[in-house]
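Here the chain labels run A, B, C and D in written order, and each chain numbers its own residues starting at 1.
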Amino acid sequence: MNNLQNETDLRAKLIQDFQRVRNFSLKIVEPLETEDFVIQPMPDASPTRWHLAHTSWFFEAFLLKEVFPNYKSIDDKYSYLFNSYYVQIGERFYRPNRGLLSRPTVKEILAYRKFVDEQVLDFLTDADEPTLQKWLVVMNIGLNHEQQHQELILTDIKNVFSNNPLFPVYNKLELKENSNLPPINWIEVEGGVREIGYNGSDFFYDNEKPVHKVYLNDFQIASRLITNGEYIEFIEDNGYSRPELWLSNGMADVESKNWKAPLYWEKIGDEWWNYTLQGFRKVEPSEPVTHVSFYEADAFSHWAGSRLATEFEWEAASSRSQLTGNFVENGNFHPSPVLNSADGIQQLYGDVWEWTRSDYAPYPGYKIPPGAIGEYNGKFMSGQIVLRGGSCATSKTHIRNTYRNFFHHNARWQFSGIRLAKDLQ
Amino acid sequence: MNNLQNETDLRAKLIQDFQRVRNFSLKIVEPLETEDFVIQPMPDASPTRWHLAHTSWFFEAFLLKEVFPNYKSIDDKYSYLFNSYYVQIGERFYRPNRGLLSRPTVKEILAYRKFVDEQVLDFLTDADEPTLQKWLVVMNIGLNHEQQHQELILTDIKNVFSNNPLFPVYNKLELKENSNLPPINWIEVEGGVREIGYNGSDFFYDNEKPVHKVYLNDFQIASRLITNGEYIEFIEDNGYSRPELWLSNGMADVESKNWKAPLYWEKIGDEWWNYTLQGFRKVEPSEPVTHVSFYEADAFSHWAGSRLATEFEWEAASSRSQLTGNFVENGNFHPSPVLNSADGIQQLYGDVWEWTRSDYAPYPGYKIPPGAIGEYNGKFMSGQIVLRGGSCATSKTHIRNTYRNFFHHNARWQFSGIRLAKDLQ
Amino acid sequence: MNNLQNETDLRAKLIQDFQRVRNFSLKIVEPLETEDFVIQPMPDASPTRWHLAHTSWFFEAFLLKEVFPNYKSIDDKYSYLFNSYYVQIGERFYRPNRGLLSRPTVKEILAYRKFVDEQVLDFLTDADEPTLQKWLVVMNIGLNHEQQHQELILTDIKNVFSNNPLFPVYNKLELKENSNLPPINWIEVEGGVREIGYNGSDFFYDNEKPVHKVYLNDFQIASRLITNGEYIEFIEDNGYSRPELWLSNGMADVESKNWKAPLYWEKIGDEWWNYTLQGFRKVEPSEPVTHVSFYEADAFSHWAGSRLATEFEWEAASSRSQLTGNFVENGNFHPSPVLNSADGIQQLYGDVWEWTRSDYAPYPGYKIPPGAIGEYNGKFMSGQIVLRGGSCATSKTHIRNTYRNFFHHNARWQFSGIRLAKDLQ
Amino acid sequence: MNNLQNETDLRAKLIQDFQRVRNFSLKIVEPLETEDFVIQPMPDASPTRWHLAHTSWFFEAFLLKEVFPNYKSIDDKYSYLFNSYYVQIGERFYRPNRGLLSRPTVKEILAYRKFVDEQVLDFLTDADEPTLQKWLVVMNIGLNHEQQHQELILTDIKNVFSNNPLFPVYNKLELKENSNLPPINWIEVEGGVREIGYNGSDFFYDNEKPVHKVYLNDFQIASRLITNGEYIEFIEDNGYSRPELWLSNGMADVESKNWKAPLYWEKIGDEWWNYTLQGFRKVEPSEPVTHVSFYEADAFSHWAGSRLATEFEWEAASSRSQLTGNFVENGNFHPSPVLNSADGIQQLYGDVWEWTRSDYAPYPGYKIPPGAIGEYNGKFMSGQIVLRGGSCATSKTHIRNTYRNFFHHNARWQFSGIRLAKDLQ
């Protein structure tokens, strides 16, 4: 599963990856005040304090307690407080109540992180090579898990700030715009029996396996993401009140939640404004639309006379594209317009997660891995929708062509957007 | 779409089908008291009064108002009261409040049915052949729609009666049992590129089209349904409290709804009893288990070391089986044990709807048909699970190999059950 | 407690009262269809079937089972089904689910009533005089209890019909109006130490006792009820959106329940219409306003520069008035305008229950009577408001000057209205 | 309304009171970490941050904006964020969402307090004597308002900490106990026409006026509060599951909220433990029971064969007692056992608020004061219960014999307890 040639390389890489990922968690919370770490704005989200502690607990529960038989945590209750959903590991603190806790304090949680880091680094430094090989998968899961929570820290804190009439600014950023945005081209993709799933030798999640065959019809995919400007046309064409465009459950959510625009948008007079991590500002028409649900993406696609791609079509269409894009490393924390025209499919990676028309389901032959760490993916394979490609809050070291993200049909607080597809006539 | 050879045949068949289906609705409500027609036991269900009126309104709205320009309904408010979810047709009475209405009375609704029947028969008798051909699809949708509501009348009234401590008996029936039930055989099915979807010339629903190719791995399918006896083993092995067997949403439903057994089951002392349309009686071990949700079916399959079939596997496996089984025409209104051993796959049709592992989604190339009648299927293609094969409350004239039924993951009031499948090693 | 002079009188009176009250229950359900008996339009209300059975069960539980040791009910489950809230009597069927039952049917319930009636009449005919004396209180509670349920049958069925777009008519009635309505006079009442509570020798409820002293300031009371016309002025003066007029909980209910007018009112164009037991018709300005909550009555009183009377003021003010009015025996089932001018306080009894400014609380020295029948009043003495005077759905044989009715602050489905009071300057 | 003899005295007293009360708010938050200020543990409670800001906003809204025409707040949005329920002042931030805000930070709120303090002190220093007299009531309301919020800060933070499995300690305190607790004596109080309400010349709340007469029967009142030990007897005698002891709404809350003991109590093995501001520890039998609702107090009184006193009885019984007790100035933040036996009524003031049997209602002749500050009391006079006497979280400078506190029947997070009363036989 790893192609490093010798022990030294492996040890060095693990130490380097560990330090890089762990430090990045601290870097993205630098702009926050202590008070910001405490808030849980909705049941789906978690306080930043909790994310920082939970990602440390993960290494404690799945690595340190295994490799150090006498391992003693800073506080026995941390396991109860910072477990998320690993029911096989033991009782958990009720998730929607995470925002009711003020202790341990941020300072104490940072001390906890430091404590865990030191133990993990001791292990990485001292273990012999076969032991490192044995725990490589757990280390990789731990680091990828932390990267997922880094993305959640950013989207959860955006949600926290959006509730505050003072509209705090997370980062300052020159607004990017492109008043000469290229039109969408329809790029043809050939169908037939295609192989789907991860086939490489680096880290992957269990849900990307087994590699298997699917039959695809020929289809077309849009050369770029849908923009705010295009989405405003949909709104102004009464898109939100035309039931023929919507899935039935989506229409029900539109009505019960009173959706009239993407999350964080507000109409002031004749103009649309939105809260961004860069503050409250006018909606920029050339940016990719984001913070839409699957239902909105699907309704938009019908309005536009097209449809969303399945996750298999997306994977087939992107199989030869380069893995570049507007990732979290750019420091934008916001999607960016297409700035230069180019051939091929643009904005495939980064910017916004792309809703597909695929329910999240196990690949043929999929088996839930044994043990608590096996709870990671399999048990969520129901009632959610697959998204592909990563966002401006995703690390470039985290995403790949076969990566399957998944959220509920009506989730809107992630950086999620729209790319269209079409059948070939 | 219809292979009748001449006008006379078509007219005669339409009249005969219409009378047969419409009369069957009256036949299945014969055992009911007036009071029974009024109750709506839960938001998902409807009162029998409403089913009888709604199926009549359907012919009024989609046929009579179109073919008779001066058509005048008995009461203008009936359209508002008895429309279900056809939002393009106009405003509807709020569904969960259907049980708050006592008028029009059952007598008035039967008069309404009679009125509609007479008009439709007038039309079928008098229209010329091209007109009959033109309205053939609407007639067929109307009749199939009524058959679906006949199944709902039975399952909804079962739910009504189950809430009543007096446990009313709908029909008397000699209990069937088989103490020498054959064990499950695993029947191998060859994979490869297979064609899926309706390819004949009779009536079909839009969701069975287009015919398209899917790639299947080789797999095995169980020779019969899971029985109550086998399901009791799962319960007694703590199946309902072992999270590793369950999808996450399923475990949440188990906890919040306090599920411990199939719907209508109750443990009295050491014995399981259940409410059936034949009254409250002991659970018969050799009968197929029914009134389980998708979540329970899925958890059971994991407990049994296997899985559910996808809807494509089900269709492929059943493609050469005969369309026979324990249907509503038998008058059992209850699933029946396998009574004779036989080769091949048994109980494929009738008895209980079989939960698949497939989310209800559009087939490649599917387009929602235009007009209000197009709301029938497409807008529900999200957040539901496909069931196959029909039940003891389904008409044999309604079901087919490509038929796709769909319900929410946690629906339990239909006659829904479990057939296992396995990957080939 | 009873001033009848000899056994014959007592026996004859009991038989006569029993037959009169029991028959009146049947009389008021005559206009109903079988389907109407089944509906429970909201958790606070009950289906007519249930009222008819419950009032019979009351005699069974508190009389027949006591006086006939071998008494056998028609069905043992009736006790479970038709007990309301007498927790000491045994388990009860969950109240908000009463509308989920279709059996026993109306016919069966009428047979149950007949069965109970025969037993009670046997008892009344055969018991010796000391036994009759002993059970007199229970008989009287049973009959008064039934009269309360007669009022509920009328208000609950009004609620049922009001939900139905067909607006069924319960009784036809010539609309009464008075375009020369006299203005409100303010009638002065002297304060000081006054005696409150029932002091006679006929039947009374425990909550009217003990007689006790209260100190009242001098005050003024309005000579008649507030009319629809006056209430419309309040509405049009933005009464429902001026928080300074409202109790805080009342304002919250206005907002969460979207109250803009009394229950059953609807504005069509520029005109107010309302559903009445006489059908859907224009609001008549000279009628007393009804179907308002305590909160609305209180807010209206503030808007009018006055206040509601306390229950003690009401009792003191009415102590010398004659017990006449528009009662259920009139057959109007609707409040009536003042038709003739007269001195003194008009409309004190009948028409509408008058909200007081008094929380329902025990009188000094009150003790809950022992036994299950003692649950009748005491345990509700919290979180409700006292109403006085009876309504157009109350029997003149049921009401008296000291009678304390009580409902929740936001209850609106009773015939409840407004009389103003004022401090003396 | 104020008996100071000259301007110097008035000015000096106002400055001294203002500094004392404002500084005390800062003193009680000293033990808190920044994170603690942010949490809102339930809709009824508020984050400490908010309390500190809201009490400052009060002076800004009702004093500074009036006396300084050019007054400019630090941030215009503070008025929206920190208004509580003064609907006449303008729009307010939705109360249950106060815990979703992290900004302004604690540091910014402390700066806001300082800013307001300086302006108020400028006003108190510079205003001429008639102006001081004119604003005396507003100043006094502001300070008493802040004292109420000081009590809420303590009870809300106790609720915050109680949710945290780490059980933070607010203050260390030697546990007080008295194993020789004197039994309850029944002290007789003479009835007749008594005067109720505030009759002095210092500050009072509008709800204590007008002084008026009530008629009381003779009664007895308990010499001390009910203890934990006595309450445990009630629990162990199945007090929580005997409906005959409970008001109907109370029993419903017991069932729906699963109450089995006072708030913060937990049974571990055979022992009762409870969370206190001094940490999680064993329940001390001689301490007054606290954190019980009105319903529990009422049920306990029935179990004990007695009842609660009305607020009028309480006021009459305490009219000659000295205003001493275990107040917030003691620094206990916890009720204390009777430590020395003494004649008369003990523990009347301080320790725990005493639930009365009186609904919170206006006194005869009460009028809501005009203007926004008039919203203070009147609009809450419905659906709540009066408590008397103050608690261990109340300032001795805040409480008096006529003081009427009020909370909902089921509120338990205040320091509320039980004193019994009895009718005279």
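Convention: contacts are C-beta pairs under 8 Å (C-beta built on N, C-alpha and C of every residue); 3 or more make two chains touch, one makes a residue touch a chain.
Note that the structure is a prediction, hence the values are computed from the model and not measured.
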Contacts common to subunit C and subunit D (chain labels): none
CA centroids of subunit A and subunit D: separation to the nearest Å works out as 47
Centre-of-Cα separation between subunit C and subunit A, whole angstrom: 60
Hey, what residues on subunit A touch two or more of the other chains? none
Touching pairs among all chains present in the structure: A-B, A-D, B-C, C-D
Residue positions on subunit A within touch of subunit B in the complex are 85, 87-88, 193, 212-217, 243-244, 246-251, 295, 298, 357-359, 361-362, 364-365, 368, 375, 379-383, 409, 423
Which residues of subunit A touch subunit D in their complex? 33-39, 41, 49, 75, 77, 80-81, 93, 97, 99-106, 160, 163-166, 168
